[in-house]
Each structure stands twice: as C-alpha cells, then as structure tokens.
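Consider the two complexes below, in which chain A is the common component and chain B and chain C are the respective partners.
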Partner chain A sequence: MSTMRKLRRFTVWTALKWVFAIAIALVAVFPIWWMLNVVFAQAGEPVSLNPRLWPTSFSAGIDKISTIFAQTGYLRAYGVSILYALLTIAGVLLVGSLAAFEFSLFEFPGRKILFGVVLLALMVPTAVTIIPTYVLVSRLGWLNTMEGLVVPGLASAFGLFMLVQFMRAIPKDMIEAARLDGAGHFQIYWHVVLPLCRNALVTLAILTFIQTWGNYMWPLIVGTKEELYTVGQVVGLFNSPLSHHTVDTVMTANLLAAVPPLIFFLIFQRQIVQGIAMSGSKG
Partner chain B sequence: MPFRRYLPHYLMIAPFMVLFAVFFLYPILSGLYYSFHDWNGVRVPEFVGTDNYSKILASRDFSRAMGNLFAYIAITVPLGILVALGLALLVDSFTGRWSNFFRNAYFMPVVLPAFLAATIWRWIYAPNFGLLNIVLGWFGIPSVNFLNDTGTMLYALIAVDIWVSAGFNMVIVLAGLKNIPTELYEAARLDGASKRQQLFHITIPMLWPVLFFVLTYGLISAMQVFDKPWLLTGSSFTSYGGRRNALLFPVMDMMGRAFGGVKFGEAAAYGFLLTIAIIVVTGVMFGLRAWSERR
Partner chain C sequence: MAFLDISAVSKSFGSVSILRDVDLSIEQGEFVVFVGPSGCGKSTLLRMISGLEEISAGTISIEGEVMNEVEPADRGAAMVFQSYALYPHMTTFQNVSFGLRMAHKARDFIAARVNEAATILQLEKLLERKPGQLSGGQKQRVAIGRAIVREPRVFLFDEPLSNLDAELRVQMRAELTELHKRLGTTMIYVTHDQIEAMTLADKMVVMAGGLIQQAGPPLTLYDDPDNQFVAGFVGSPKMNFLPAQLASADAGSVRLTSLGQSAEISLPIGGVGGGARAVTLGVRPEHLTIGADGELDGRVTLVEELGAESFVHLTVSDGTAVIVRARRDAARTGSTVRLRIDPSRALLFERDGLRVRGSAGRQ
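Right, the complex of A and B next:
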C-alpha cells in the first residue's frame, strides 16, 4: 500500500515541482555564477563566441585578479574593510554582551526604562540619525578615520536584544552557585555566562560581519579619502559611469568583494539561517 | 538603597549606554534642532522655523521621490511576500538534504552585500552586451536599455530587490512553518480537507504573525531604500536619481541635499519627515493587526 502510494505520488506534479525548484535555484545563483564566468574568461572575447555560461580560462581570471591588486587600491580597501568588520564585531560583542548580561539576569533601578529606550531604537530608521551622526563625527574630527567608521555603530540595539533573548534562558541558580563559590560579578560574566552564550555570540558575529561588509552608506560619507575607502566604495567607483574599466575588470572587482561573505556563508550557513529566523520570529 | 550596591550593574551597562546616548540619542536630538535651522555645516545655524519642512514638502524632487516610493512599495512589498511564501512552501515540501540544498541556494543572494547585487545586475541589464539583452536577442527582441528607459527602470529595481530579499524572508517564513503543529494537518486530512484547503485554512492563518512581521519589516526597509537605486543609476552626490529622476527615492533625495547641496538643516528635516511617515505606517500596521485579531 505505502509503496503504491509513493509511486503514485511521484507523478507529473512532483516532476514539475523539481523543475520549478531547480529553475528558481538557477535564477538565484546564476548572477553569482555569471560574475565568476566573466572573470575566468579571456578578456575581450566577443560575447557572440562566448556568452560566459561557464568559466573558460582559469589563467585569465588569475591575471585579472593580480592586475587589480597590483594597479588599484583594492588591496588597501580589502584591509580597511576587514579591519572595519573585525573591530565592529569585537566592539558589538563586548559592549552588547556586557549590557545584555545585566539586562537579562539582574534587577536594578532603571533597568526597565533603559532597556525600553534601547528597544525603541530598533524602530527608528537610519535615515533620521545618519546626517546628525555625520555632523557629530566630523565635529569630533573623526572624518576619514577608523574610529569614525567603527565607533558610531557599536551600540547595536539589535545585538543587545538578541543576546538578552538568549541570556534570559540561563538559569539564575547557576549565577547564585557561582556567587556562593566566591566568584565576583565580572568573573560570573566572563567565566559562566559568556561560555554558555557561545552560539549566540557566534551568530551575532557572523550577522555583524555580513552587515558591516555590506554597509555602503556610512563609509561613503565618512571615508572620503582614498586611504579609508572600503571595498564597497571601490566597487562603487569601478561601476560609476565615469570609470573607464571594462566589464572584465569591474566583474573582477565585484567577485573579490563577494568572496568573503560567500565563504562565510558556506562555513556558517546553519548559524546564519538560524540567526535570521530567530530575529524574525522574536520580532 | 545604597547606590554602591548597584554600582557593578551600572558599570557593566555603562559602555553600551554611553555609546548609545552619544551616537544615537544625541544625534536624534541635535537633528531635531538642525531641522529648524538653515545650516551649511560651517556657518552658525540660523533659526528658520518650519521653513525647511515646508520647502521640502513643496519641492518637486520630494513629490517625485514620494511618487516613486509609492509605486515601488505597492509592487515590491506584496510581491516579495508572495515570492517568499512560495519559496518557503516549496523548500518545505522537500525533505532532508534537498530541502537544505534549495534553501541555501535561494538564500545565497542575501549574504551578498546589497551594493554588489546592484553592481552585478547593472551589467546583466546593460544594453547590447548585457546578459539579459543577449538572451532577449536570441528571441529576436531588440536591445532594451533597462536602466535608462523610464518605462522599465522601476521594474528593473524591483527585480533586483526581490532577488536580494526573497531568501531572507523565506528563512523567516520557513521558521514559522516549522512551528505549526503537524497534528493540525493530520486532523484536517482525517476530515478530508484538500491540500489547498489546508493551505488556506491552516498554513496561512497559523503563519499570520510571521507574515505580519515580514510585511511590517519589508515596508519599513522599503521606505528607506538607498543602495540599490543609487548604484543601479550610477549616482553620485552631484547627480542622482537616474534619467528624469525615475529612480529617485526619499533617502537619496535627503543624502543629495546634505552632501550635494550642503543643506544639513533641510536634510535633517527630511529625516524627520521620513521617520514620521515610518512611525505612522508602523502604527497603522499594528492597529490593523489589533483590529483583525479582535474580529
């Protein structure tokens, strides 16, 4: 009976479903695949001969990548973007977990009001803060500095909220037991709570990385000198109507910007997907 | 109660709260102050009352940007949800490895930076040698300049937008699907409910809170769209919005006024107008939800 039904269920509908699912997967992945193919093809090969549906020349791609690194400021932009992402991750995790530790596990006067104010921030759009924050950063003399890029983004309301949700699940008995063993307040945070939150911290770090790497608007206005261009800005320049780069060069620039987040995704897909699902279902 | 007893708690939240106050609360308040002043960032701000607000509301760029925004939201938000729901149901109908495979494939565009999505698609849309025009050429359709033809620009943006955001929303909907108790479906099957009846009478009502989140979040982020139209049109602070401002959106207009026109007071006022609009929309959404739950 059950095998009969299984056979019957593998019908036209099932076949159609597979075709459909694969077709959508192609649409989703193809632009990324196409970018790769444009890079790994002989430069200037006419499209009529090679529509770039698959990579055709490995060495041509390597040549393009090394040319870009040698002749433009791309490598420096890579360094800036990586430093920007790492400092932001470190800051968001440290500052956020310290505050989340208190907000989720302890009672003190003002706790509810302060946390409420931070939660309201989740609803305020970037549009309203970006111009005044820019003015503040320029007053501090932080334009074109790494501080100016990183510091304004450290008090992440989203990060705090996520960590608080996670830390609420930690049994208060564990905190009490540690206290009876003579652990200080900071020691409890560092030796008891942080290790328990490792998963949440990893997820937040990954989401922060993807977000920082993809941040375009803030670096665009804070870093106006070449020394502080991020990958996003360099890619924007390559793509501007005034640039004289060919499609091969531009796609190489694009591909290099896509590699870090794609590698991150391949390694941490589970955490990324869970992190986003969690932020959605709790919102 | 002695303050000393709570001191450790305050010390631990201090870094976050100080940063939050300086780089979030203070900018909002100072922005409110600037929004009532004429200020180019150098001179002493000059009080102008509500001039900035009325100037924006009367400007042609503002009405153009708002018109574009409405058209954009009216298509991209509902379409985005339908696509996300469809993808989630599709992925959910597979099991095990294939379910993961398709989920990851659909999700991949999400991890790319938005600026990259825009720049890749700019070349796919390119006239003559762009991928899309090559494919159209196979069918004998003449080359279309997707990003420079006012009739296609908005749709070109929406396609990129859906390509980027569908996977994100799909993952949230998928999490919602997993939370629906399977007993509901079993009971429905025993009662002889068809697949379609199950979809409309169990899946969608049970998903409603999740869909509401996706809808509200989608609306709020669509109202602030910036990177994609900015890069698709190859904008800079001196020239933005694309041909005949067909892809001019409020945040682009605001950034242009600040860094192209050096009118920081006007830009701050613009930010507040947008925020008010977003708060109103969010309020309406929550009001609708409360109303529909009471019925």
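Right, the complex of A and C next:
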C-alpha cells in the first residue's frame, strides 16, 4: 500500500516536472517555430486573419532564401562573421592561455597587481570602453578592417580569469616533473598545460563564439563599409524602420542569421551546458 | 672527493630559515635516506639537489662539478614525486618517454629505452594505458620508469610510497631495493617513516630543525645515536627515556640515582666528567625485562599482544611512561611488575639531549 502511494506521488511529481519543462521549452522554441512558419509559407499567409501554425509551402521558403542570397551581400556577411568568430576564438585562446600560464603557475614581480588590473577590467562594462577603443582603433588606421574588428576583442579578461582558475588546479609537481624531464618553458605550456586545459579551452571557444556571433555593437561601430558587414549588421538593415521589406523577407533574413548558432548549439550542446556551469552564470 | 658533496648549504624563505649549514657527502651507488619529522627540511634539501629549489648559501656538487647554477634537467638527476606527477593526458609510453622526446632522441632509441624500463618494472602490458586507468602501485612504477629511462646519475625520491597502502608499500620497498641493486645508481630518498628509512638505507640521515642530527648506517644510528632526538626517532616502539640524577662517576662506570624516584643503577660508561647533575637514561623496549627482580617498579597500563611478542605499556613510580618489548602473555593490565634494565645497552643523555659518551667510550 505504502509503496503504491510512494509510486503515485513520485509519478505526479515527475509529471509536474515534465509539464514545467515542456512549458519552458515551448516558450523557447515558439519564436523559432514561428520564424520557420512565416518563411516556409506563401507571403502573408501566417499573419492573415486566419493564421496557420505550421509551414505550408516549402518552395516559397526556398524562393525567399534564394532571393535574399541573390539580392543582398548575405553570403559575404556569413564569411565575415565566420572569419571574425574564428580569428577571435583563435586569438582569445592563444593570448588567454599564454597569459594564464604565467599568472597561474609562475611567480614574477607585479603578478598580483597585474592580475588585479585584469579583475578590474572584468568589472568595467563594455559601454564604458567602447569609445576609447574606437579612438584607438581609428588612430591605428584599422577602421573598416578585419584587424579593427578582431584585435580589441582578443584581450578577454573573462577568458583569462577562467583559464587562470583552471590552471591553478594543475599540480605544481607536474610542472616540476616536466622541468626535470628537460622541457623548456614553452614546451611545458605546449605539451603539459595546454592539453590539461582542453575542457576549459573548448568552453572558452564556445563562449567566445556565442559572444562574437551575437556581437552587434562593435562591428556596427568599426565596420561602416558594406564589405565588412557581419550577419548581425545585415539583419539589422532588414529590420531598420525605413526598410521596405515585408515581414516574411525580414523573417527569412533573421532565420538565416539564426541557423549557424542553432547548428552550433545542436553539435556542442553538452559542452555548452558544462561550459556555462564551469564558468558560473556568465556566458 | 665524494660523488655528491653538500657543503655548508643553507636555505631560507625570507626570514624563515629552513636549513642551516648542512654538510653531507654521498658516495657513488649509495642508497641514502633523509628521514625526519615534517618541516625538518628533508624535502627542501632533496629539491635543492634536484635544482627545483634555489640554494641560499653553500654549494652542492656532483662529481666535483658545482651544481648551484646548473638547470634542473642538466644535473643528471631524476625525481620521483609523492604525487607521482604523471601527465594525465599521456599514455604510460608517452609519460615514460617524455624526457627523451624533449631531448629529441631518435624514435628507435626511445622505444628501446622505454621497453627496457618497462621490462624492469613489469609495465609491458600497461604501455598504452593512461594514468587514470592505473592503480597506485602501477602509477608509482610508471613514475620510476620515467626516471629510469633518463639514465640519471642520481635518483631522487620524495616520499614516493606514502600514497600506497601498507601491503603495497612493503612490496614496493623490496622492489626499490632490488632496483637499486640492479642499477647500482646513487639514490636519495626522503621519508618521514623511520621503518622505511631503516629498511632501505645504506646511509640514513636523520634531520630535525633544519640540521642533520646524525648520518650513518641505520643500525649504527639505532645502536649508537649521537643525541636523544636520534635515539627517540629511530626505532619503533620508541626508546624509553627516564629522568635520573648522575650521582658519581669513576674510570669504569657512572652511578645514577633517583631513577623512577628512588632506584639506582650503575652503567659501564667510563670517564664521564662534569660532576653530579640531572641526566636522562635511554633504554630500548627490548633492553627492559619484566621479572621477579629489577631496578624499577611499574604498573601495567596496557598490553598490546602482537602474536609473537607483546608491547607492555607501564607507568613507573615517578609517572614516566615506559614500553617493554616482551614475550607473549608477559604481563596483565593493572598488575604491578619489576623491570630490569640491561646496563650494557642503556644510553645516557644530558638534559639538553646530547649523548654522554664518556672519554673512555662506550664499553
């Protein structure tokens, strides 16, 4: 009798959890679903008086997508965004891991003060630094260049902080063993420390990708020429109040912008969840 | 000139002095064990030999060459760490060969060396495994393998067995002795476990408070310690120390009174000068006998039966705790017994801990 009751209580609780999870998933998924619904339908159909909740015309969607690719610089924007993301990831990992290696495993004069400065940088919001950064980039002659887009994002205080925390957990013995084994400073970094930080590096790469792909402000400021438009900026053009595009064209542009991160999420789902857990709530 | 010379070496971290004026000579092929309580500086001395710790003053030389400024990897010393310090992302083969790969040795050469070490240490079947898939004992072997392939001039072991369980420790101890015989390389071993030190060492170096208290063969330290610290540190159960009064001394013996309040005893130590004073008598548990007669009265507080023998814990009349190594069923808890001291084996210490040897030496 008591086991029965326990079982039933358990079932009700489980069902409640499921209901709750499904409700949250619905709220999260609906906008994407609605986007697909609008794109893969005859123009105006889903927003008519008699709206549909499911796609009705696959070919209409393909038509819209090909129109966008044919008539705008969307493909190039993809290229720019991907290059921007990849270069930033590579740079952040390299700069961050090298700096973290020194900060976490070696003593040098001024270490504490310098690390304090890094922590301070973590607390300053981007909005505060964006104008000085712009002035600097402009004086370097890097406006409308890939360097201008990428380089200011390489010194990631957050990435450095995360890697330092991770590398501090590497036993000193292991570094000393490598020294006795004849490994030089860089060899210790390359052969011992980097492989041990693999998880942290993957996490940082993922977080950097998410941040870079979604970064709207900096590309907007530094890349005013069309050749350097990122996906975010192109979508922004579609969304601007004076654009003459219809709702379904705008939705198509939005969908195209959302596809790469969606695929990315599907592939790296587990690492993303682990990464966000590892790095606290910051993402 | 000795193989490894430690000469007037000191180490301090800021104002804290860890080692003071340490002198030690180690011969080629010797198995030397540094032993002492934690904080005595033994690990620091080992790390200074390896080059991982800088030398504040003095010199360390190997085969006549001063090592103070030589890079750790170039000293010809290989170290086995307490934590093993294996690289977790590498297989056994990669771990063992890391040093050779860093030295850009040829692939065939590396394979041959690693296989040779693997045979010595019975690691052949584990070469493709990562440290996470190895037991404690196997990890320890891999760590030793990593040292062996470098063919060092001197092996350094920093408490390598303290993470192993008791049975495995005994087994690894035997394997280390075997390895030392086989390789004939100088080995320096740090431990806080005096039994480990006794069983492994050719030369045992007892350290305390940043100083070498005594160095020599283990049994010499056991039988003939220079001071009360060494006498108490070496041997298990510990040597018993009884406060006494030195009443008189002549050419062949000293007479002690007030032993356990009132007992008296003569020790065959000749030529002790300095007049009457308070001293400490040291007697090993096996040099005390429980019997019908004897110098001391003791009340039995605990009997530890070990099968072949028993450790009888007693309190003598002045309150000093004493342990006697006795045969089985030698005494019952709560009973009062007589204790006999073997005067020929008893040692005498000044109250500051220094051994009283007497000018005629120990008889």
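Convention: the second predicted complex is superposed on the first by the 255 of 283 C-alpha atoms of A that agree within 3 Å, B and C clash if a C-alpha of one lies under 4 Å from a C-alpha of the other, contacts with A are read in each partner's own complex, and residues count from 1 in each chain.
Heads up, the rule we're going with is that a contact is a pair of C-beta atoms (placed from the backbone, for glycine too) under 8 Å apart; a residue touches a chain by one contact, two chains touch by 3 or more.
What you see is a predicted model; the values in this text were computed from it and never measured.
Student: Would chain B and chain C fit next to each other on chain A once aligned, or clash?
Tutor: fit
Student: Is A:Q187 contacted by the first partner chain B, the second partner chain C, both or neither?
Tutor: Second partner only.
Student: By the touch definition at the top of the document, which applies to A:V202: first (chain B), second (chain C), both, or neither?
Tutor: neither
Student: So, A:M146: does it touch chain B (first), chain C (second), both, or neither?
Tutor: Neither partner.
Student: Considering only the touch criterion stated at the top, classify A:P171 as touching first (chain B), second (chain C), both, or neither.
Tutor: The answer is second: A:P171 touches chain C but not chain B.
Student: Once both structures sit on top of one another, what is the angle chain B-chain A-chain C taken between CA centres, to the nearest 10 degrees?
Tutor: So the angle at the centre of chain A is 100 degrees.
Student: Once chain A of both complexes is superposed, is A:F265 in touch with chain B (first), chain C (second), both, or neither?
Tutor: Only chain B; A:F265 stays clear of chain C.
Student: So in the superposed three-chain picture, is A:T133 touching just chain B, just chain C, both, or none of them (first/second/both/neither)?
Tutor: Touch partner of A:T133: chain B, not chain C.
Student: For chain A, which side has the bigger count of touched residues, chain B or chain C?
Tutor: Greater contact footprint in residues on chain A: B.
Student: Could you tell me if A:A28 is touching chain B, chain C, both of them or neither one (first, second, both, neither)?
Tutor: Only chain B; A:A28 stays clear of chain C.
Student: Once both structures are overlaid on their shared chain, how near does any Cα of chain B get to a Cα of chain C? Whole angstrom is fine.
Tutor: Chain B and chain C, overlaid via chain A, are at closest 11 Å apart by C-alpha.
Student: Of the residues on chain A, which ones does chain B touch that chain C also touches?
Tutor: The answer is that chain A has no such residue.
Student: Could you list, by residue number, the parts of chain C that touch chain A in their complex?
Tutor: It is residues 50-52, 72-73, 77-79, 81-83, 85-89, 98-99, 102-103, 146, 150 of chain C that touch chain A.
Student: Report the residues of chain A in contact with chain B in the complex, numbered from low to high.
Tutor: Spelled out, the residues of chain A in touch with chain B are 17, 20-21, 24-25, 27-29, 31-32, 34-35, 38, 47, 51-52, 94-96, 98-99, 101-103, 106, 108-109, 111, 114, 117-118, 121, 123-136, 138, 151-155, 157, 160, 185-186, 189, 210, 213-217, 221, 232, 235-236, 238-241, 247, 250-251, 254, 257-258, 261-262, 264-265, 269, 272-273, 276-278, 280-281, 283.
Student: For the complex, give me every residue of chain B touching chain A.
Tutor: Going by the criterion above, the answer is residues 1, 6, 8-10, 12-13, 15-17, 19-20, 22-28, 30-31, 34, 41, 87, 90-91, 93-94, 102-117, 119-124, 126, 129, 131, 134, 163, 166-168, 171-172, 174-176, 179, 210, 213-214, 217, 220, 223-224, 226-227, 230-231, 234, 236, 250-251, 254-255, 258-259, 264, 267-268, 270-272, 274-275, 278-279, 282.
Student: What part of chain A is in contact with chain C in the complex they form?
Tutor: Contact set of chain A toward chain C: 171, 173-174, 176-184, 187, 191-192, 195-196, 198.
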